[in-house]
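Should a chain be cited, it is by its letter among A, B, C and D, assigned in written order, with residues numbered from 1 in that chain.
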Amino acid sequence: MIRVKNVRKVYPNGFVALDGVDLHISRNEFVYLVGQSGAGKSTLLNMLYKAETPTSGDIYIDNISLSGLAPKQVPYLRRSIGVIFQDYKLLPRRTVYENVAFALRVMHFSRSRIRRQVTQVLELVGLQQKMHNYPSELSGGEQQRICIARAIVNNPPVLLADEPTGSLDPDTSWEIMQLLSKINARQTTVIVATHNKAIVDDIRKRVVAVENGRIIRDEQLGLYNP
Amino acid sequence: MIRVKNVRKVYPNGFVALDGVDLHISRNEFVYLVGQSGAGKSTLLNMLYKAETPTSGDIYIDNISLSGLAPKQVPYLRRSIGVIFQDYKLLPRRTVYENVAFALRVMHFSRSRIRRQVTQVLELVGLQQKMHNYPSELSGGEQQRICIARAIVNNPPVLLADEPTGSLDPDTSWEIMQLLSKINARQTTVIVATHNKAIVDDIRKRVVAVENGRIIRDEQLGLYNP
Amino acid sequence: MIRDFLFFTSEALISIRRSGIMMIISIATITVSLIVFGIFLLISANISNLTNYFSSKLEIRVYLKDSTKQDEIDALKLRFEAMPAVRKVEFIEKAAAWAEFKKNYPKIELNTLVSDNPLPNAFRIVLSDSAKITSIATHLKGFEAVEDVGDMGAIADRITAFSRYTRIAGIILVSLLTFATLLIIVNTIRLTVIARQDEITIMQLVGATISFIRWPFIIEGLLIGILGGVFAIIFLVFGYSFFVMRFQENIPFFPLVYDHLTLNLIYLGILLVGTSLGVFGAYLSVSRTVKNNY
Amino acid sequence: MIRDFLFFTSEALISIRRSGIMMIISIATITVSLIVFGIFLLISANISNLTNYFSSKLEIRVYLKDSTKQDEIDALKLRFEAMPAVRKVEFIEKAAAWAEFKKNYPKIELNTLVSDNPLPNAFRIVLSDSAKITSIATHLKGFEAVEDVGDMGAIADRITAFSRYTRIAGIILVSLLTFATLLIIVNTIRLTVIARQDEITIMQLVGATISFIRWPFIIEGLLIGILGGVFAIIFLVFGYSFFVMRFQENIPFFPLVYDHLTLNLIYLGILLVGTSLGVFGAYLSVSRTVKNNY
């Protein structure tokens, strides 16, 4: 399903963030992406929904080359990929409800369907009662959960989670990871970049380790540390 | 040194974030603030440097009442308190170097002293080589470390760390926490709001647990969970 | 279609409401620059009105030979009236002319010195286009019955030159002003869009198409353009009618523009400029911001 | 002090450089609004120049009794010249006046009808203040040797009224324009500050005092005000001298303002308005943003 082929990413300032990355992820897999701070995890994830483009090499999703994708097609690619951003990226002038609903609105869902799905997903992340608050009125962990809610609200076939539990306490983290597992079980490919050793070691899945822009380990049912 | 007296915080939208909070922290103590997402940890920390003001009750730092503090005095209070913000709060149009130097510039340090201290602290958090990058060119964990560097660069007598390892891998987290311990040993009062169970349980210190805006536990050498 | 339009409009309204002070500032700026634009239009309308007024006072005097008979005079009058660019032909009897002359020059003791009326019969010809005055005068000289033609030559040329150059200057100034208004309005909207650049990027990252992002901004631009235009028009309508009132009261002879057609055209122009620049500015600004993220 | 100033200036320069497009837009807006302001100033200077020019053409004719002798005439001339508000006194010999009259009215067959010069000796008196024309004329009538006084009464009153009202209108317009320019410049700077509100908050949270934050913004406002002013002046200097050149070439009789003193005053005014509004706008905007965080 997702194929990363010999990808190299050099940022405009000359920094080589990824080099010679090859990765193949099948439909419905659950993959942990681990590695030190600055290893290149976010860079890799960002290229999967074309927020960044590889300097060389290419990425294929469902055999479609991302480098060949017309700008007009990009929004549709992004709708099929739910992203939990490391820095949340919530719209500051929209309420929690509107932020989550936005992902459905762009797809022209009906108002009633939007209401149903949004309330449902806000319940899942435990934030129904903050529905009408603005992001600035939320705690760090609450913002992160809104971002999670927005990423999963339209049941995308692919879910990219960049450090989804960084601001969450262990109990909530555990619940969120269970949620992601459940989503994965419902036919969704899930890739989670994380530093949460406890969770990687507990909920055992495929582990891909990145170091200095290269994949140095790729293990089924791996541990956080080799 | 820090005295929180019967503090209640009601946000403008009517939400009661803290209620009846009493806390006393002595000079050179090291305190963990733990609690679920949305418990009120950040709210409490924010009131210590007057980013928020209590709705009732008062806070004293070195026996000075914060509610009685004139607006003109606030910057000086803030210079004596290093803050690692949960959301980093880096200046987007300043380089890493300038961001860290800013905390010294406001204090009118000499140029050479600023250079010495900034390079030193960037080395401590392992980011000398990113000195001339802008925050947007950094990974999440790197941004967090810049924020840490800025908070400690002027050796403030008080250090407030709000989730300082949320975006860091376990090894880097460990190093950062060791750094905070070392700083604490050098006559600095340190308060760390954190979800990092592994660290709280490993580096044992006083633990204050918050739940629904109230302090429910206050233990010397406590564990993350009671 | 209509559902989409309603949806985008409601998005635009939400955005205007939530952007608070920024919107107030940009509407204020647009209002002010449209007011300035409108003042310029009113001034230039008045200047062109003034030069037209002066031109319309220009005339040609055609002095007739004393031998010309009444039926010849009547025939000439009809022929002159039929000429293009002639607006009015008036016959001035020599007796009337002499009476007028004596009234104008009371200091000249004519009665004691002049025995008879020295003035000839004449036509006063008013043109609709003062620029043609010299050529028509020359043409008139060719008639049998015409003794001489007086054409206010120098003054006519001056007024014609003046009106031609003020018209050119007016066109240049109005273009400049239009461009300035354009720049100010577009820049203002641009600044409000730049301030929301991050939001636009976020919208793109969660799957919004260009048009989904653009439409609310365009409708927002339209709405603040309309609001700015309406406020400017309200100000100008009251300000100008107050000004006309005071002016007419004190210098009633001065020809001010106050016919409704011209004024309404100016006001309509202001509204159109406001709305179209609002839309154009929003379109431009959003497009620039949006492009980089696909 | 000087070190602080240098520091804040370098901060302001960094900020201008790094804010890129936002700064370009705001400098462009300020330039444009100052150009409009300057055009208005130039127009109003020219209109007041024009009315002054017309006023200066107004004159009083004092017709003398035929019995007045040369030494009386000389004495009168000196007395008239000594009167306040009188700028020039010119004696017109009756022979010269008659020759002039005959040249002006060639159609009147005077030579055949008039036996002798019917005109009296006269003085042409030019005033420095056309508003006083009627009162001075009345006063002159009282002199022994004066037969009659002709004072262009109606026209003078009209020109006086017109110049008074255009002056008032000019003052109102320039005030309005100043206010409009103020609003546009301050609003533009306000928008750039609002866009950096978050940065200001961060600076406050890490211990910056109000003045530490404010000064770089104020210097930034000063710099973009100066830049806007300089660009506007460059445009106006070239634009206006080009305009004057073309105008003079085609309608040389028209009295345009081109003395360096007036023009330099206008340009200086523009620069002052630009810089002071830049500073004021920055001060205001930052103060509003800064207050909430202590």
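We take it that a contact is a pair of C-beta atoms (placed from the backbone, for glycine too) under 8 Å apart; a residue touches a chain by one contact, two chains touch by 3 or more.
All of these numbers come straight from a predicted model, not from anything done at the bench.
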{"item": "Both-way neighbours, i.e. chains that touch chain B and touch chain A", "value": "none"}
{"item": "Chain D reached from chain A - shortest hop count over touching chains", "value": "2"}
{"item": "Per Cα centroids, the chain farthest from chain D", "value": "A"}
{"item": "Gap in Å, rounded to a whole number, between the CA centres of chain C and chain A", "value": "61"}
{"item": "Between chain C and chain D, centroid-to-centroid distance (C-alpha), Å", "value": "23"}
{"item": "Distance from chain C to chain B - Cα centre to Cα centre, in angstrom", "value": "66"}
{"item": "Touch-based graph of the chains, sorted into line, ring, star, complete or other", "value": "ring"}
{"item": "All touching chain pairs, where touch follows the definition stated at the start", "value": "A-B, A-C, B-D, C-D"}
{"item": "In the complex, chain D residues that touch chain C", "value": "21-22, 25-26, 28-29, 32-33, 35-36, 39, 43, 63, 101, 107-110, 112-116, 118-120, 148, 150, 158, 161-162, 165, 169, 173, 176-177, 180, 183-184, 187-188, 190-192, 194-195, 243, 246-247, 250-251, 253-254"}
{"item": "Footprint of chain A on chain C - complex, ascending", "value": "7, 15, 18-19, 199, 202-210, 212, 293-294"}
{"item": "Residues of chain B defined as touching chain D within the complex", "value": "49-51, 71-72, 74-76, 78-79, 83, 85, 89-93, 102-103, 105-107, 150"}
{"item": "List of chain A residues in touch with chain B within their complex", "value": "11, 13, 15, 34-38, 41-43, 86-87, 133, 137-142, 144-145, 162-163, 166-173, 195, 197-198, 224"}
